[in-house]
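In this document, chain identifiers A, B and C correspond to the written order of the chains, with residue numbering beginning at 1 in each.
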Amino acid sequence: MFKACLAQGGLLKRMLEAIKELVSDANFDCSETGIALQAMDNSHVALVSLLLKAEAFDPYICARGFSLGVNLNSLNKILRCAGNDDTITLQAEDESADSLTLVFDSPNQERISEYELKLMDIDQENLHIPDTDYDAKVHMSSAEFQRITRDLSTVSEAVTISVTKEGIRFVASGEVGSGSITLKKGSSVDSNISTTIELSQPVSLDFSLKYLANFAKAAPLSDVVSLSISENLPLLVEYEMESVGFIRYYLAPKINEE
Amino acid sequence: MFKACLAQGGLLKRMLEAIKELVSDANFDCSETGIALQAMDNSHVALVSLLLKAEAFDPYICARGFSLGVNLNSLNKILRCAGNDDTITLQAEDESADSLTLVFDSPNQERISEYELKLMDIDQENLHIPDTDYDAKVHMSSAEFQRITRDLSTVSEAVTISVTKEGIRFVASGEVGSGSITLKKGSSVDSNISTTIELSQPVSLDFSLKYLANFAKAAPLSDVVSLSISENLPLLVEYEMESVGFIRYYLAPKINEE
Amino acid sequence: MFKACLAQGGLLKRMLEAIKELVSDANFDCSETGIALQAMDNSHVALVSLLLKAEAFDPYICARGFSLGVNLNSLNKILRCAGNDDTITLQAEDESADSLTLVFDSPNQERISEYELKLMDIDQENLHIPDTDYDAKVHMSSAEFQRITRDLSTVSEAVTISVTKEGIRFVASGEVGSGSITLKKGSSVDSNISTTIELSQPVSLDFSLKYLANFAKAAPLSDVVSLSISENLPLLVEYEMESVGFIRYYLAPKINEE
């Protein structure tokens, strides 16, 4: 028997919103530690990794590990029927369950909505992602990161991200012209989130703006986003929610065809 | 001569919004008692019946009964030009009038807008709808009814409505999965409107969600909606506006093809 | 060297929004007096004339007159990346510059965005528009003018504007019916802007509503719009921004084909 009850239903809604355009079908791997999901995006360019810790739920009952194969678009449709303040309870009979039960309780408990989502078999190999020391790690405002990816999308499809001791710089160049946005280390734009930089060596790499703009939709989950960058490694874009879990996006750099 | 002056123009705007997607052309039947409209929806599945009482207007002048054949889409376009606080005056020369005059006065009376709407001949037989004792009559929040029809539309095109002494239950089931929403008797969700139930015997019938969602758009007209249900009778969905009038929608149950 | 720094970036954004649907490419003529633009709309029916005075900028450095050929759609895309409170600095190397630099500084100066817009050669003859004494000059609320053009667009593509000592009247007539809106002299609708009329003789002329509705989009630039009308002259629709500049639209009357 699996049962996981989340007091703030809005959190699950926002997590699904943050991955539904990248991934269509995925396994939710349930275990003692919590609910994890790992999936390549539909074009096999980016990797999404998500964890909802067992501590985020109350109660969280999961006797032994198993997987729930879910169509994320269908799950998202059903989650839209939950209020942001509803308590969401996930339930499945056992590991061979062919449906996931979602119960939404309104705060005053006088409306009870219950949905059944049909499950599917998804063949998926989980990659082991090794812990890595990155050349540069930047913490910045997630709202600002969203704004930058949206603004630069107006001039180009690709962006060069450069990190130095002084700050982080995003440069895009296209037919119409070019744009560059610089955040100085220590600065706090649009919010109280200060830009911090840990650097072992300066880096400068090119990435697809379409993917970054998609990752940036996770902004409602956390005020801070961290970008971890190394030459020859995928970029890691991470939204961490203290004592709840995280969403991590990995994106390979564009190779310069010069 | 026909002249009817409505202090709160917003009311007429909202009434038109509530029927314009169901009915394209209809007769407004003007008489001493007020302005009535009765029409089948475009697919001849649902019936809309609307009354604006003479008392709602000041003045209301209607020497003898006659009908105004109106294209509701055109009327709605013109009504959108009225402010919600404008006074709306409807005027027609006589029973053979070929146009309806609408005058919109802004509250300070310094802008006067006048529109002429061309009328049309509509051949329409009015059905006599007998008063009926229904097996179940439920009063509930109109906002909640709108939310339920919208939410369940994500999983199916049809809904089973079941009423028992304990409460009212909406169940929908489709390819993606299924959903059910239960309102307990006496509960008040999202508002201060308590769910009340008058029951002579429990009922359970299937209806098209598309139509119910369309009816539910009348929510801005009244905080309360009443659902009257009997085996072998069309469902009656009613929005009553005290001392102003009502909108009633009738919808035949779906026949179970089992 | 050309450099012009505008403390309220939002102003430039709104000006571009007000002309971008009428004109696709145009020269910004920079001189000691400021930045001027004059262009026929894409269908060669209306003329747009815009001035941003040198006083509106601080600093404003323009050694000698020259023109910047700009695709307004591209410029508008870039301006959307500026915050309303950003300071916008326009910079160009010299008169043979092939790009315009736009720098957006956020109020706390901790984010710096820099865009380069490619310039183009535009062959454009500037018309001399003589000062004219009009038969009628009406000052009215710009929000009200926008509302009238939008409302009457629902019934027709053309409007007759008539000005008398008593007021200004807009009449439109189409297949669905007709509409007329009258503003009395001295009245103030929706705002504190009183309608004033200077009249040497009554006028009544027909204009395209599509163009007027397009001009009316300049409403956010000024609370007041002035309409100057004479028989046999183009209508002048003007939005003046004290000590900043103006936008003027000219539109030829429709010829009555009776």
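By definition in this document, contacts are C-beta pairs under 8 Å (C-beta built on N, C-alpha and C of every residue); 3 or more make two chains touch, one makes a residue touch a chain.
For each chain, UniProt lists the protein as follows: A, B, C = DNA sliding clamp PCNA.
Please read these numbers as outputs of a predicted model, since none were measured by experiment.
Superposing chain A on chain C by their CA atoms means rotating through 120 degrees, a value rounded to the nearest 5. In summary, the pair chain A and chain B forms a contact in which the copies contribute largely different residue numbers, shared numbers making up under half of all those used.
Put simply, the C-alpha centre of chain A and that of chain B have 44 angstrom between them.
Residue positions of chain C with contacts to 2 or more other chains are absent. Here chain C touches chain A in the complex through residues 71, 74, 77-78, 80-81, 99, 106, 108, 110-118, going by the rule given at the top. By the touch criterion given at the top, residues 144, 151-152, 154-155, 175-184, 187-190 of chain B touch chain A in their complex.
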